[in-house]
Each structure stands twice: as structure tokens, then as C-alpha cells.
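In C-alpha cells below, several structures.
In the two complexes below, chain A is the common chain; its partner is chain B in one and chain C in the other.
== the complex of A and B ==
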């Protein structure tokens, strides 16, 4: 018996030693000597690819570029995708008449010709746009891409009853009365019955806008304006294997599991001034656990995160401590905020809205979002810094990043008095239950409002039903959602691409509403009307600034942060940079590998 | 025996119908009562009215709930065609629904992912039966010994520690730390050794939890049985201890274990969500988790049905096996 005990203890000690050694090894493996200027492993350095190109000359042809993702695209169909990362990735297999420049930072949001020989020839006071297609542009089977293919691809946007999900700007601008019913209900023989687009020959395409829209070319740069060949259109199933017009084509795709692109051998470099097509293959592996994805990134098994929405808190902590040279900290283009529906009393009174804005602790809200690095800079107004006309923190009408950053109880109480609620009031904060960071901001706001006498209950609603719950003004009123926590990013970098659905009264809808504040301000509507007919950039920028000022003066929103992400790039990634064209994401299309055999 | 089987199969079919109706109720009726339009969650940021209507038509959201349930069952045996907005999609029998998220029929998704889950469940079951039952028997035989105490402490930790913890720990130590395993799933058709290597940690992690439970149940049952009169009689008759344990005690111990095994295997075949998530295995558990995140009702419904079916079949098999293990049980 005694012997057995001794033996057992030895075994226990041995087992403990093995376990400790194993854990120490793990820690030792993770240790790194990275600094901001690069690492011995070859990483370019912290923020080395943020708005500038890192390791451009190191990119070599060949190899497999490996993406990982915790979330699949909403659809890989160019008409149906709405996720920013899908638009970014779609440039591998789709081309448009015009697209964003493949350049870092603000230059990446500028428009450059892609299938077209030049940007639009705009005539008729901004109501006619004419393009000519390049020579040598082909589909993956080698047949030429024609202007009719471009028209058909755009017409698919009208088939919302089959191809739901994508942006509908082109439909709204080219056919505001909704006269065309889409190619699947088109009775014309060639299914090209949309009157707003002419294709006089295979090389020429002409757009006739009923009313000018100064952002029209931005809309044509969206992937929803990609060509689709009629005989290859598999309608709702097109997203499972889109027919390629770009340098890569689909080899395999299993939704939620993996995706593989291989070279499109019919694509000719000479026909494409934008795409470098460095890797031979591009793969995506989907994970259901974000921590697993981050661990694979840290381990060097993957090159980057397809979703580009920042690492998970655990992965981020490890990466910042041990692999800082592999990280970039770009501004995402998103503004995170609380919005006050005017249908819920007392938020119909501007002074009560101001009381909440002034009483909130903005540093605490920023911390809840992840702090200045992972969360972003304190938001001081509603226009993201990447949108022309934005002033960033320079425009801070409520001193949210200044004197009032920890909340101004005295001014908030004065506002409450002016609102006729000197003792405060009760309200409900609506927040998505599947966004822990948003729940944290709701709790932060709840705590600071208590100090000024506002009692706020938090209602965590089903996040997957956002459009039906907070997108229904009648439901918002019934539930008494005085404060809604949300976030928004630009579809294209302009005040129209960001703010039109949020602030224009025309966009107040009974379901799927995004103008949560129910802003019905003739001045703001008028400014948007002026914006779309203003063709010069300086004029557009001025109007964008004015709109932002009017929105902030109305105190409809409490901005939390101008969001930032912590994104990972592997040691092996080359020619890597973030771009405003895709809200601070890495520009996927020209990524290369330093060592293609790795 | 035949009458028994028919009765059980009929009961299983009724149970499946009830399950489908409950799942339909959860996803369609409850949001409706709450005033939420499900179609809106399928149409993206710009909710075009035509898109909302198209989704409603294709999903049959305007139909009464009984009609939706009927269409679903009809699809399993006769296939089904989904129409709307000038598009028509045929889902061949057995049609377990059509996912409008992935634009794929549910059945091929299930059959694609099922082998991964089955391999995970069976491999882990072999491990937990070998180690769990052996540890339990030895503990019972050496009651109060250091072995017994040690085994039960380990068993307690196995039961207490959640899989997402043991899974992450195993990965951080053996994959990212010691680099003993690649830790990535490789399809069996690509490489047997790669597949086997990728499955070892998931098997061990999953088996750790179940082996612990089986060890504790085996020990308790065995201890109880060892105190029974017929064991004393067997010993008094002068039978060898090996025979007493192996032939008499083990046989009785197996009965509750078999019930557990049936239930556990059935449930696991429906998707070991935590293990598949921790190790990124593309099985049914991962599919259903993604489906829940994306509100992909047809996939959730399909996996729920497969899980229910697996549990029902496993229980049926267990009941039949009872008769083999315990001659006192007669099926009638």
C-alpha cells in the first residue's frame, strides 16, 4: 500500500511536470521580439500597411494566398452581395466598367477605368454617361465581354424578387418609378428591355439618367454593376459559381466550409491595368469560432482574415503583445452610435436628446467599444473621416472628445430642465443580443444616464431580426425604444453613400427602415437634392459638411467612435495596404506572397 | 418482435412529426406573434419591397403553418419545387428543404457533412468505452485504493470541464505549443493519415468528457451489482473471480451503459457542436451553428430531424440489444 502511494505521487508529480512544461513551451513559442519597425520573422511592422504599401517589391508570382473567415459572404453573386469584404474579394473574379483605384488610403476610393477605356464621358448636364469597352476583355471561356453583358448584369439588380440582398442604388437612380420588372420578367426577345441603358454596339454603353446624380459613377464601381452573361446566368444559384470576368475563377465552393479560386487562363494582363494577379490560387477556409481563426492566423497557417472586422479580444491581446509587427490599426469607415427615434417621447424634444448626448461618458463608451486602439477614436459627429466633407474630431459641437468627454452632468441637467423633464425620465435602450460590444456600450450608457436621473432599461433583441424589430417604426414606438444602439458604414465614400438612408425623409419606411431617428427635415432633404445635382467635387464636399452639421445640430445621434480595427497580415504577405475604397480593409485584389512555396 | 418493431417505428414517426411542428412553430409562429417579419432578415440592408415579397413567396411564409408542414413532408418523399419572381428551383426527393441563404438543397449539405460527424462520434465512442468502462470496473474492484481515488478525480474533472475549455487547452498545448499535431481537418478522401492525425485530438477531447461519465456510472453500477446476492452465490459456488466479474457482473453493468450509449451516440450524430466548433470540423454541428447564426431555418430543421431520427434509431437498437444482453427482457 505504501509503495503504491509513493508510485502514485511520483506519477502525479511527473504528470504535473509534463503539463507545466507543455504550457511553458506554449508561452515560449508565442514570445516574439516584434516591434513597430518590423520583426525578425519578416513582418513589416505595426501600422506599416495602414494607408501605405508594405513590402510592395517583395510580392512574387505564384503560390496560394490563404484567407480565413468566421463569416461566409452573404452571397458571392455580384448582384446580391452586400458585405464589404465580398465587394473587395469579388474583384478577383469580376470586373466593372470602373472601379476603385488599387492604391492605399484615400486614393483607393478614387474611381479608375476597369473594363472601360476611360471614366465616363458625362454630357446632358450630368444625365448621360457614355463608356467604351477595352479591347481584349474576355469571360473565362475566352468569349469577349460585350456592352450587352454589362447591361444584362446591371438589369439583374431589378430582379429583387429573385436576387435579393444587394444594393439597389442603380435601380433607384436609373428607374426611379420602377417601370422595368427585371430581366426574368422582361418580355423583349433579348431580355435587355431596360430603357435607361443603350448599347449601340458591343463596345459602347450609354446610361440615361432621368435626373442627374453626381455619385452615379461611384454606383457603377459597385460590384452590383458587374457584367453577367445571359447564357451563364443561373439566377438564384449564380452565387455558387459566378462566371468570371476577372483574373481568377471559381474552382470549388462549399458554403460555410471553403472556397477556392484558380487562375482564369483566358484573362489577359494587357486588358487589365489594375490587377496584378500574383498568386496562382486563392483559398478561403471558414471557421465557426473566431478564436480558432485568430489562432490559425497567429500560427502562420493563414495569411489574413477575409472578414476584416478586427481580431477577437483574445487574439488581439496576444497579437498586440507578441506579434505587433503583423498588425495594422486602420479607421474602418464605420461610425458606432446611439440614435433617438423621435416617435418615442420625450425624444421628440431636442433638449432631451441633447441631455443624453451631454450626460454620456464618452471615454467609457469608447472603452466599451474596445478602447482607442481596438475600438476607435471618440466619435464627435456623424460623418466617417474617410468620406469627403468629413472633418473628423475637428468638428465636435458637443465637445465629446474635449471638455465633455467624461460627461457633463451640469449641462445635461440644464438640458433636461429645458426639455421639461428636470427630474429625468424613463426610457429603453434597444441593442442587438448578438453583439457583445454593443451590449457593453448600452450598459455604459445606462450607467452614465443614471447620474442625470434618466433610468434606462436595456432590451436585448434578436440581432438577426434587426430589420423587422428596429426597422419597423411602429414596433419601435410600441416598445418604447428611445435609444437604439447601431453602427453604419458607407457603401461608397460620399455623404450620399453613407447618410442618404439614415437622414433623408424619403427613406423612412414601415419595414426595413434605416432612418431610425425619423428625421424629416426639409433642409437636410434639400441639401441631398442639391448634392446629387452638384457635379464639382468642391461643391459636393461643402454640401456633405453642411449635411453633417445639420444632423448634429438636430441632436438625433450620439456618436460613440470613429471605428478602428486591429487587422492581421502574415509575415508572408506582400504588396499589402489598407484602402478607403473598402472602409479601411486591406485591398485584396493585388495581394502577393513573398515566398510562394510557403 | 415484429409487432414491437412496427409499434416503435410508428411511435418514432409520430415523434418526428411533432418535432417538425415544434421547430416550425419556434421559427415561424413566435416571430409572427412578436410582430416580426421574418422575410426582412433575408433581404439585406436595402429592403426592397419586391425582395421582401419574393422571399415571402419562395419560403411560403404566407401559407398557413399546417400547409408549410405538409409541403415539407411531401418534399421528403416526392421532392418539391420552389417558385417566385420568375425563378423556379427544384429540390429533388428526399427534399429536406432548401436553404435560401446558401441557395442549396439541405439534403446534400447534410450528407456532405454527416460522415465527419459520424466519424467523430464513433471514434470517440470507441475511446470512451475502452477507457471509461475499464477505469470504472477497475475502480469498483479496487474500491478505496489510490487508483480508485485518482481515476474518480480525473473523471470528475472530465465531467466538470467543458469541451470548449479542454478543446482549446488541447489545441494550445499539442498543436500550437508542442507542435505534435497539425490540428487541421483533412478530408478522408485526400489523405487517410492526414484525416486520422486531424481527428485524434477531437476524438480524445470528446472521449475525455464521456469516458469520465461512463467511468463514474460503471463504477457505481458495478459496486451495486457486486453486492447482489447472485454474485455472492456465484462466488460461494467457487467460480473464478474472473468469471464472476466478466460473465455475471459485467453483463448487468452493461445494461444502463447501453442505454446511455444509445442516447449519447444519437445526440452526437446530430452534431457535436462544441467539439466541431473548437476543432473547426466541417460536420453537422458546425453546419447547424452557422445556420442558427444566419437564421437558416431549413438547415436547422434538417439537422434537428436527423438528430431526432438518430436518437430514435439508437434507442430502438438499444432496446433490441437489451434482449441479447439480458435474457430476462423479452420484446413484445
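== the complex of A and C ==
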């Protein structure tokens, strides 16, 4: 009877979705009946926009670019957003001194000047960064953007009590001792009391770093370094209507429902070397059900998924079977893995950790993640392929994609013996309950560990409480979480932007901890310290590789996959390309439409 | 209750079953047929109920023999068969969700576990929780209902208010909250067993007021009957009257409500597992299978159909059987 009721409800929901879809389609077409004037499909082909530009010349000015999403941004406030898709989208309405290049693939992760005339003039052994602002850069009311606006925008990162959520790299690097209290508690008249930033005139901004950090410019390229004008700062409410410095401005926003951007008429193309600003309007429609969103994408009502995390299994199957030309299969920059907290016995012993790594069936884990296409290639180490210094599957110390890909029971048992647990042991796998794919990987791991005598219990915890449950080392120890299933992507493509919070002993926190393995290794800490003072790219790459090797030798992690996902682009989308700058997402800022009237 | 009273009352009051048979068979057939016999004869004539009963019996046998059946088929409910999965889509290769000679009902998407074996093992969980929680509810409901009905006064008020309160309680939400704070190990139980134990207790606990109300109502009318008066006037003790005079006459409604309660409990268990607070993986359960089938209802509909049909058949069989028993035991009740 439950079945009957359930399927009945689902049918109703489907019927409702179809009805709504039909209504909205008619509304969007405005009764024009203008079906495809161009080609019947026009899609660029499978993987045509993966690391290369698809149909650049087909992009026309005008029209409405329609995003759909199952998940709203954490905040649209440039200081507070931490989702990759938010950083990507924020470039529509915000500009930074420097930003990622608007180019496909690896080039998209390189830094290019935006508000500044050139990348930083670095002096004083990497401790002073100087920028000059471009002429003609303006706010949405036509007033010029000054260096003081940039400084104020960056100062907002210090106000974590009001504006929590965003990355705090700038604060950690510019003010490691936490002396500045943030603009809202600033006693100076102009609220620009942060000593580490100088604004000698309206066009010049100088950063003084207490210690050099070779990734500092990467941090300035994050949207949290966007300018904010003091008189327009609505503090905690700023995310509802940020004041635009980019080609588009907020027209309306109802959280969880919809968002609409319209052209910012004060923005001048000549002042912006990067943004093409093809469409007239940009809309986002939020859905509570991912299946419904996929259906709308497949119908062609929407152009792309804002979240850029791949389609749900249902829509993915239909898309792969019937609309393969509309799909790209980029690498996301995420590594999906299991991590072993050393506080939980017997994972304090490296041999027991190795036993789990060797005993796991890596093909099975890959299938659980979605297979080679929707899941990704088998992960063999912890550095995502998009990070400089990564070696991809070439570095495979445990032969996870080679001889041991289906699990090596003999070696795993030998490791168990060396660990002093020849008959195996009992442990608990902690997994987020809101990620079916992660639960599936937990079950796969459970099944293969059983073969080497390790009995694993699966504990599905509330996925929205991650910071307090697995982010609390004391809770992890009490609950006996010997294995935690997680994933991680770089904030910016460097070993620091990816691995610092995961592997550095300084980042072990009592709440919101990300160093789940509780790695406290002098060598790794030392490598990170020398990384930040190494200014040449070759040196940085070498250290990144070394850190990755150290982490793998410690057997703290069992990598599952170097994640890939299936990404949808509509027939009408032009100038589409994925970029490593935003973890394999499409670069939103330069998307155009082939047929603006559609 | 004192010893000397025992014999005289046993003679004075006819056995409850006889009393009932006299009452139900009326004046024309005065041969000594027991209530059970009459009910059985009625039930035999009710083909639908009999079918339901047979299916229930089959289900119980199948559930008990699940390990034997699956090992005869050469399957294990938790064994992965990823070679049967299309890596591109994550769904089983072959038609109807990978139906083959080895896997009679196909395999699960992604991991390729045998669906038949999982449905058989799932039956164990469903029936175990269904039966045992009904037992908990019946014991609590009968004892408290009979006390409320018999003693009346403040005892009745208290128990009745408690029942009202429990009936108004959001049971499902409570269980979800309870399960999330449950420890992994408890009373020597671990993992899924803890969850099963908690589900049985909680579903049983929230189910007793339904049966308690019926028993209370029946007791209220029975306690004024002549044979009870007779026993009382002969000096029978309260407990004697409760358990020897009243209880046997409550058997019919209790049996009827128990058979009706089991399918409801099975559905509650399925709902809980569906919501992810039932048994833990890898233990198979019908609700959990349905829940994971949602992501594949278009690409692999068989995965949803199989556990769905299993729940449907089970609940239908129990309901038909329960209806039949009610008609057989209580022909006066209007349909």
C-alpha cells in the first residue's frame, strides 16, 4: 500500500511538474510559436565544450540566459559565498583587481588583470603587491570604483561575526595575528583602519604582507576580494542585493525561488578586457527536486544548471541515451575519498590504514560513484589533476588503478597482521545521509572490507551538520568513526588552496575541522611553510608533488575517484567552455545565446 | 482471591467459550460447538480470507527459510555483481532490470545485488517488526484496556487520557528523532538489530491505544453481564473475574485487531526504512529498497516494482485474512 501511495504521489508530482513545465514553456515563448528557426538541434557534440570553446562565433547579443538550480547559493554577498558556482556567477555583478582568465581548460585557472591595469608589481621579496586601477571602471550608479572601495570590500572579510561563510585566506595572510577587528568595529572615521592595505590615491592600492605567500594573487582573484562601496553596504543583508560593479545588476531575488539580473547600463565594455556580456538578462529558477530540474533542462526550457555538479542518475541516463551532443564530461577538480581519523583505534596504526586501502575494491567504489563517465577515473592519490604538481594516475603508490583495482585480499591481510589485528576488527563508517552516492560508496566499502575480516557499521549522519559531527574531533572519537567518507575541491588551483586545511597540523580545529585524519606531521607542515615562500612556479610545483607523496605514504586517505561529472548545455548556448578556474564548470561570464529570441 | 472459592465458581459459571457459543448459535442449534469451531467453519467458507491466510502462511515460511532458499539459489543478499551493471548508466545490463537464470528478479542498479534474495531477507524484517510490534501493542493494550474498563473511575480517566494523548502524538516524527539519537550499541545489540529493536518497541508502544480502546469498550459492556454479576455475587475476586471471566470473551476482538494491526505495522516499518531511519545498510528491507529505487524509476522500473509488489501482496493478504477472521468471529458486525 505504501507503494501504491508512493507511486501515486510521484505520479501526481510528475503530472504537476509536466503541467507547470508546459505552462512555463508557453509563457516563455510568449505565444510566438517561433520553434527553432535555425537547425533542428544545433548541439555542439559530446565533450565539444570540455576544455575547448564550442560555437564561439554563434553567440549573438541579447536574449535571456536561463539557469536552473536545485540549490541556491550560500550567499550572493561576494564576501560570504563559498560555493564554486557562486564564485563563477558572481563575476556577472562583481569585478576584482585580478581574476581567472576567461579561457577554457587549464588556461582558465591563470590570473589576468580585471579592475587593475596589470597583475601585481611584486617587490620586497614577495611581501609588497602594488596595483593600479583601470580608467572608466564604475559602479552601477555611474560613480567610479576607487582603491578605497576595493580596500573596504576586502576589509569585510574581517567581519566574520556578521559576514560568516566565505573564504578567509586574505585575513589569514594579511593579518595573521588578528589585530584588525573589521570595518564594523573600526574606530577610524573612514572605516579603513586595516594597516596592511594602503591607498595612496584613488587609483593605487598597495598590499603589505607580514610574510610572503606565493599564492597571494590567487587569493585576490577570489570574489571575496571584490570592491564594496561603504554607503551601499547593507551588512548581513548585502547578499540579497549586492551593488554591482560588473556588466549586470540585480533586478529581483527571492531566495530559493528565482533571481534575475539585468544589464548594468553604467558598465562600459571598453573598461573590461574580460567580460563579453552577450545576453540582456540572466535568470535563475530554483527547484526543490533535482529530477524536475533535469527534466526542464532536457526539454530545453533552461540553458544550464547553475550548480554544475552533474545530473541526477535519472536525467543522466536519458541525456546520455538521447541527447549526447548536449553533454560535456569534465573533470571537476574534486577528489572523493575515505579518510581515517588517527584518534580512532586501530587507525592510529599505519598498517591498519593500509589494510583498508588495499582491501577496498576500487572498481566497485568507482561504480558506486557513477562509473568512469559520471563518477570519474579511479583516484590513485590525493592531488586533483587540475592542481600544479599533480601527476594524476601516474602516481599510484598502492596500485589502486593497476593490479589492486579489485582489492588485494592477500596484501590487505598481511597489512592487518603487521598491524596486530590478524583477524580484522570492527569500525564505523560515517557518511552524509543526504548524498545517496556517498551512501552507495560506503556500502561498497563495507562489502569489500568484510572479505578481509573488517566489520564496518555504516552511520548515516545529518549531512547539513557536517561541521559539528565529523568536524569535531572529539565527537569523531566518541562515535568511533574510523572511516569518514568525504570529498574536497581546491579553492584555487594550488596545493595550498587544496591541501592546507586538510593536511596541515595548524588547521586541526575543535569544530569545523577539515583535517579529519588529524595529520600532525612535521615534514608536511615544513613543506607548506617553504611552499608559501617559494615564488617560482617550478619550485612550487615540486613542493606540491612532494606534499602529495608524503600524504599518500602516510596512508591517511583512500581516494575513490578524480571526479568527473555529466554537464548539460542547451542547444541554444554558444561560446561554451569548461574552465579549471572553476573546477570544470562552464565559465558563466561569457556564455551567449545563438537565438536571443528563444 | 482465596483458595476455597475456586471450585464453586468453576462449576457455577460455564466456561467462557460455552457461554459464547450459546450466545451466538442462538436457540435452534443447541449442540455443543465451541466458538473456535464455529469461526473456523465460517472462515472455511470465505474463499478470499482463506487465500489471504494461505499467502500469510507462505510469507512466514518463506521469511523463516530465506537463508535456505537463497543458498539453494546460490545467491547472497549482500554480494555485489558489478559485472552485471552497465558502467555508463549504473543500471543492470539486460532486460527487466537484469533478469536472468541466476537472478530471477534481476539485480539492483549500481551494485548488482540479487533482488530476489534481498526481497526474501526483507520479508524477515517486515514480518518480524510487524508481528512483534503487534504483540507489544496487544499486551499493553489488553492489560491497560481491561483495567480501564473494569475499574472505571479515576483509573479509567487516567488510562483513557493517556490513550488520547498517544493517539494525538506525531509517532513518525518521534521515531525519526529517537533513531537519530540512538547509540550504535545497546543492550548487547549492534547495528541493524538496535534499529529493529527500537522500531518494534516504538511502533508497539504507539499502537496499543487502538487496541486499548476496543478492549476498554468491550469490558465496559461485559462487566455488567449476568455471568459476571453471578461470579461476583458468589464472591469471586477481581483478578479472577478479570482474567477468567472477561478476558476469554475479549479474545475475539483482540485477534481481529491484531491481524489488522500487523499490516499497518509493516507499512510503518517500510515508511521508516524509506525515510532512512529503519534498518541500516547492508541489511535488506522493502522500504529501503523502494527508497533507493526512486533514482531509477525511469531507467530501471523493475527495481521499484519488486519490493512494491512484495509490500502490496503482504498487506493485502493480511487485510483479507483479518477481514475474514472478523467476519467469522463476529458475524453481527456490519460490513
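The rule is simple: the second predicted complex is superposed on the first by the 558 of 598 C-alpha atoms of A that agree within 3 Å, B and C clash if a C-alpha of one lies under 4 Å from a C-alpha of the other, contacts with A are read in each partner's own complex, and residues count from 1 in each chain.
Operating definition for what follows: contacts are C-beta pairs under 8 Å (C-beta built on N, C-alpha and C of every residue); 3 or more make two chains touch, one makes a residue touch a chain.
Because the structure is predicted, anything quoted here is derived from the model rather than measured.
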Partners on chain A (chain B, chain C) - clash or fit: fit
Which of chain B and chain C A:508 touches, first, second, both or neither: neither
Which of chain B and chain C A:409 touches, first, second, both or neither: neither
Contacts of A:447 with chain B and chain C, given as first, second, both or neither: second
Chain A: partner with more touched residues, chain B or chain C: B
Which of chain B and chain C A:251 touches, first, second, both or neither: neither
Contacts of A:318 with chain B and chain C, given as first, second, both or neither: second
Which superposed partner A:235 touches (first chain B, second chain C, both, neither): first
First, second, both or neither for A:459, with chain B first and chain C second: second
Touched partner set for A:295, first chain B, second chain C, both or neither: first
First, second, both or neither for A:212, with chain B first and chain C second: neither
Three-chain overlay, closest Cα atoms of chain B and chain C, distance in Å: 7
Where chain A meets both chain C and chain B, residue numbers: 4, 462
Chain A partner contacts - residues on chain B that touch it in the complex: 31, 35-38, 40-48, 50-55, 57, 84-87, 89, 100-104, 109, 112, 145-147, 150, 168, 171-179, 184, 276-280, 282, 286-287, 289-290, 293-295
Residue ranges of chain A in contact with chain C within the complex: 1-4, 6-7, 10, 312-314, 316-318, 320-321, 361, 363-364, 367-368, 370-374, 428, 433, 436, 439-440, 442-444, 446-447, 450, 457-460, 462, 479-480
Residue ranges of chain C in contact with chain A within the complex: 78-80, 82, 85, 87-91, 109-111, 180, 184, 190-191, 263, 267, 270-271, 274, 276, 280-282, 287, 290, 292, 294-299, 304, 307-309, 311-312, 315-316
Residue numbers on chain A that touch chain B, as the complex places them: 4-5, 8, 12, 19, 22-23, 25-26, 29-30, 72, 74-75, 80, 82, 159-162, 164-168, 171, 182, 184-185, 235-237, 239-240, 254-258, 285-289, 291-292, 295, 298-299, 301, 434, 462, 464-469, 471-472, 475, 478, 501, 509, 511-512, 514
